[in-house]
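Read the structure below first, then the notes.
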Amino acid sequence: MTTTPSAGRALPGLLDTEAIRKDFPVLDRLVHDDRRLVYLDNAATSQKPRQVLDTLAEYYERYNANVHRGVHVLAEEATALYEGARDKVAAFVNAPSRDEVIFTKNASESLNLVANMLGWADEPYRVDRDTEIVITEMEHHSNIVPWQLLAQRTGAKLKWFGLTDDGRLDLSDIEQVITEKTKIVSFVLVSNVLGTVNPVEQIVRRAQQVGALVLIDASQAAPHMVLDVQALGADFVAFTGHKMLGPTGIGVLWGRQELLEDLPPFLGGGEMIETVSMHSSTYAPAPHKFEAGTPPIAQAVGLGAAVDYLTAIGMDKVAAHEHALTRYALERLVEVPDLRLVGPTAAEDRGATISFTLGDIHPHDVGQVLDEQGIAVRVGHHCARPICLRYGIPATTRASFYLYSTPAEVDALVDGLEQVRNFFG
Amino acid sequence: MTTTPSAGRALPGLLDTEAIRKDFPVLDRLVHDDRRLVYLDNAATSQKPRQVLDTLAEYYERYNANVHRGVHVLAEEATALYEGARDKVAAFVNAPSRDEVIFTKNASESLNLVANMLGWADEPYRVDRDTEIVITEMEHHSNIVPWQLLAQRTGAKLKWFGLTDDGRLDLSDIEQVITEKTKIVSFVLVSNVLGTVNPVEQIVRRAQQVGALVLIDASQAAPHMVLDVQALGADFVAFTGHKMLGPTGIGVLWGRQELLEDLPPFLGGGEMIETVSMHSSTYAPAPHKFEAGTPPIAQAVGLGAAVDYLTAIGMDKVAAHEHALTRYALERLVEVPDLRLVGPTAAEDRGATISFTLGDIHPHDVGQVLDEQGIAVRVGHHCARPICLRYGIPATTRASFYLYSTPAEVDALVDGLEQVRNFFG
Amino acid sequence: MYQDVILDHYKNPHGRGLRDGQAEVHHVNPTCGDEITLRVRMDGTTIGDVSYEGQGCSISQASASVLNELLVGKDVSEAQKIQETFLELMQSRGRIEPDDAMEETLEDAVAFAGVSKYPARVKCALLSWMAWKDATAQALSGTAAPKESA
Amino acid sequence: MYQDVILDHYKNPHGRGLRDGQAEVHHVNPTCGDEITLRVRMDGTTIGDVSYEGQGCSISQASASVLNELLVGKDVSEAQKIQETFLELMQSRGRIEPDDAMEETLEDAVAFAGVSKYPARVKCALLSWMAWKDATAQALSGTAAPKESA
C-alpha cells in the first residue's frame, strides 16, 4: 500500500499545524539516523512548546526563590508567578475560586489525595467498613490502586462499572452499582486506552441522588477539550501537567471549596500549616493545606505558560482539530487488514486516542517496527490492564494525537502498519 | 560602620567563586533598579547553574517522553536519562544499591512517605497505639506534622528531644526518650534555623539498641557536605533537589533495601504496580513501588546534572568553603551591636546557616531594609516554629550561604544590618 | 514603604494595651508569626475603645496604632467604611494612587499605600484591621462574653 | 534487531507446549504483559525437557524456542553456564560483540545480541531464561511438586 497523499490534508477544522509545529523543537528531531520523528504517543505525554521552555528558563534565570515566606524581591516575584499560575489554571477550568486549585506532582497524587482525605475524614465523608467506593473497569491504574488500597485499609467495598463490547461504560445497572452506601464515585472522563468520552451527567446525577461525592479523572480531557468544572458538576477533578504541554512534575486537583475546608490534610509539612507547636498544629486554608513542602514552583509556572498557549489557540479549536484527525484516522485504519479497534469505532464521543490489535502480531513487535520508521506509538497495557483482561487481549498498540498532529502522520502510521504486516506476515 | 574591605577575601579554603558565579545567571541580576543581588537565602532554596538549566532544556527539546513503558526511541532515551539520574544520586550518597533511591517531589513527601509506610506496615515496623515516635524540637515542620498526623491517626505517642541554650540537642535523657517502645526516630542532620550539625552516631546507636528505625532529614546536609548513607547508619535519609542546585519538584528518599521490600506502598497508581486486576494488585519492586504515576522526569534528570556539578567541584571542597565563610560571618556578625545569634556561636559542628535577632527590631523589618539594599535573607519561623517558642522569640532573621557565596557578601550583610539599626534606631 | 508617619506610629503607638471591651479576638499571621489580641468596646453604635496588645513588625504595629487613632469615637458604620477603604487600598498591589477623598477618609492610614506593593507585608498591615472587624461583629451581635482587663 | 534466526524461531517454535516436569513456574513481564509458564524435567543432572506455554512478542517467543533447543539434553552445569553467558550478552547494552567462543556457546541465541541495545526488549528476551533458572533451581532442590500435563 502506498500513501494516499494529502487525502486528509484538507480536512475541515484542522489547525495550522505548520505554524504550531515550529513551536515544538522536538518535532524536528531525526531518529534512527534520518527518520523524521512522527510522535503519536501523546496520551503518554505531550511535547512542550518553546513558550513553556522559555518560561521555565526565565523563571530559573531571573526569579528563582522559595515562595510564600519571603520579604525579598525574588521571593515576592516567585510567589507572584506561582500564585499567578494558580489563577491561570483556575480560569482554564472555570473554577469558581482560585483557592480551589491545588498543585500536586501529577494526576496520580491528585487521585491519591482524594482517596486519603476520604479515609481520614469525619462524617459524612468518611469511607469505612459500611460504605462503598465506585470506579469503572476502564480506569487508569492511578484511579484503581488508590481505591484498592483505601478499601483494604478501611474495609470499604470496591465496586465498578463494566464495559460494553464497543468500549463504553455499561451503566445499565447504575442503580445497583451506585447506592445509598456509596461515598465516592471516581471515573475517567476520557479513557487513555479506548478514547471513550464518558457520560458525566448521568453518573453525577445518580451520585447526587445518593449523596456520594464525584471525582473525575480528567487527565486525558484537560489537554484536549474545553474543561469546565462547574459544568461537569463533580466535586473533584484531577489532571496532570505533562500531558497538556506543561512540564513533568506538576499535577492539579480541583475541589469544591466547602469540601476542601472540611476534609483533613494529606501530606504534612511546611507551607500547609497555620501554626505549629510540638503538641499540636493547625492548618492553613485550602489550597495551601494540601500543598506540603516546597511546591513544584517552576513546574506550576510552566504549566501556567502551557495554559496560556492552549488558551491562545482555543480549546474548542484544539478539540475540533483532533476530532477531524480522529475521524480521518479511524477511516484510514479500517483499511488495514487484520486491524481490530479496541474502543469506539466512530469518532463521536471519542478522543484522539486509538488502540488496536493487528492480527496475531504482538504489540511489542508492532511498536518496534513502527519505531524503526520513526513512528512513536505506545504498546502494552497503558496502565489500564483490566481493559485488556476485559477484551481478552494481551496488550494493544496505541496511537494518540494532539494539536500538532497532522493527517500526513496518520498516513505514515497506516503505511507503517503495512510494513509491520509484511515483516511478520 | 564601613566595610572592612577584603578582610575575608583571602580566607583559606574558599572556592574560586568568581568562576563559579559565572555559571549562575540569576546572580547577575539587579534588584531595586541598580542593586546587585546578594542572595543569602540558600537554606530556603539554592540558585541553579547553567549546566542544570541546559540539561533541562535539552531534555525537553530532544528526549521528552514518558518513561519505562515505551519501545520507541524517545521513550528509551528518556528512561535511560531518568534511571541514569538515579545512578548519579545513588553514587552521590554512596547508596549500596541504586534501587534504594526513590524519587519524590520534595523532602516533605519523602518524610511523609516514611510516616505513612510505618502506619500501614506489618509487625515489627508498625506504628500503633502501644508504640512511640521520637523527633526533636529543632525539626522543620515537614518533620513534625507528618508524625503528629501519624500519632493522631494511630494513637502512638510522639516524644522529642529538647534543645540546650546554645542551640544543640539535649540528649542527656536519651535513654528515657528512646525506649523499647520506640518504632522510629526521625531527626534533622543540619538544622535549617540554628545551623547545628547533630551527633548522628549517638542517636543511631541508641535507636539500634532498642530496635527502632532511624530516618534522617538531610535536606540541609546533602547540598553542603559529603553525605554517605552507609556511614550514617540510618535506615532512611530524605533530602530535596531544589536546595542542592537542582530543579524544584524533585526530592529523594533513600531507604535500606530490605525495608523497602517489606514495607507497604504509599501512593498507588501507574508505574508502581506489577500486575493489576479489578480485584487486586501486586506491586513492583522498589524503587518503583514508591513512585506512582509519571515521575518528575525532567526534574530527576536536572537533579542528576546538579549532582554532577557538585561532584565535579567536590563536596569536601564545598564544605570547606562554607566552613571558612561561616567562621568569617560569625566573627563579623558579633561586631554588630544588639545582634544575638540563635544557634551555636562557634563554627564547629555547624552549617552555613546563621539565624539571629537584632535588638527589638522585628525580623520583618530587618529583612525589608536589607532587601532594599539588594540583600536577600529570610525572616520568620523558617518552618520551624517550635525553635522560636523554645527561645522565646517571635521570629529570626536568617542568612544562609552556599558555594557561590563570598566574603564580600558577608560584608554587605554586616553593612546592611548597620543601616537597619540606623533606620529603626 | 517606611513612611515617616509609619515609623512615628511604630515608635509611639496610640492606645496600646488591653482595656475593657465587649469582645476580644486573637489573630495570627502564620507567614511571619505576627500576633495581636484586640478588644472592642462599643458605646451604643459608637466605637468606644479599641485596645490591643501583640508582637509584630513595624508595619503591623503602626497599623494598629493608626486604626486606634482613626476609628475610636467614630460611628460604627463610618468606621466600617474606613475599614473597607483601607482594605481596598492595601489589596491594590500599588495600583491605587490615593486621591483627596481617600486621603480625607484614611488620614494617616494613607501612608500605607506603599506597603500594598509588597504582598508579604500587606497581611501585616491588615492584621489589626481584620481583628477589629471580627471583634466588632462579635460585639454587635452580642455573642461575645465581655472582657475585662486584669 | 529482528534477525532471521529470531523470526524463524518465532514462526516455528521448538518444544512449545506443556509436558511433564518436576517443577513449574509462571513468570510475567509487567511492563508489557508477556507471560510464560515453564516446566523443567531433570533426568539426573541432565536437562530432560523444558516445556513451555505463554503469550508474548516475537522476542520472548523466539527466545523460549532457542532456549529449548539449546539446553535440552545438556548437563545442568553446562546449561547454567550457557544461561549466564546469555544473561551477560543481554545486559551488555549492545557493548559486547560476540566472539567465536561466545558464538560456540550460544549458537542461535547469539542472534539476540542486537536486542541488548533495546532495554525495553531485554526483559522479553530474558523472560524464559529467568523462568528456566527458577524452575531448575526448584527441580534440583526437590521442593517443587511434580507437574503433569493434563
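Residue numbering begins at 1 within each chain, and the chains themselves are lettered A, B, C and D in the order written.
Throughout what follows, a residue touches a chain if its C-beta (ideal position, glycine included) is under 8 Å from a C-beta of that chain, and two chains touch if they have at least 3 such contacts.
It should be emphasised that the depicted structure is a prediction, and the values quoted were computed from it without experimental measurement.
Comparing the CA-atom centres of all chains against that of subunit A, the greatest distance is found for C. Chain centres here are Cα averages; for subunit B and subunit C they lie 38 Å apart.
Rounded to whole angstrom units, the spacing between the C-alpha centres of subunit C and subunit D is 79. Distance from the subunit B centre to the subunit D centre is 47 Å, each centre being the mean of its Cα atoms.
Centroids built from CA atoms put subunit B at 32 Å from subunit A. Multi-chain contact residues, meaning those touching two or more other chains, occur in subunit B at positions 69-71, 75, 273, 275, 364, 368, 379-380, 385.
Each of the following residues of subunit D touches two or more other chains: 31-32, 118, 121.
By the definition given earlier, chain contacts exist for A-B, A-C, A-D, B-C, B-D. On the subunit C side of its complex with subunit A, the touching residues are 28, 30-32, 118-121.
Per the touch definition, subunit B reaches subunit A in the complex via residues 25-26, 29, 31-32, 37, 39, 41, 44-45, 47-48, 53, 56-57, 60-66, 69-75, 105-109, 111-112, 115, 120, 137, 140-146, 148-149, 153, 158, 160, 240, 242, 247-251, 265, 267-273, 275-278, 280-281, 292-299, 364, 367-368, 370-371, 375-380, 382-383, 385-386, 389. The touching residues of subunit D, when paired with subunit A in their complex, are 1-2, 7, 31-35, 55-59, 118, 121, 124. Partner subunit C is touched in their complex by these residues of subunit A: 68-71, 75-76, 79-80, 273-275, 284. For subunit A in complex with subunit D, the touching residues are 362-365, 368-369, 379-381, 385, 388, 394-395, 423-424.
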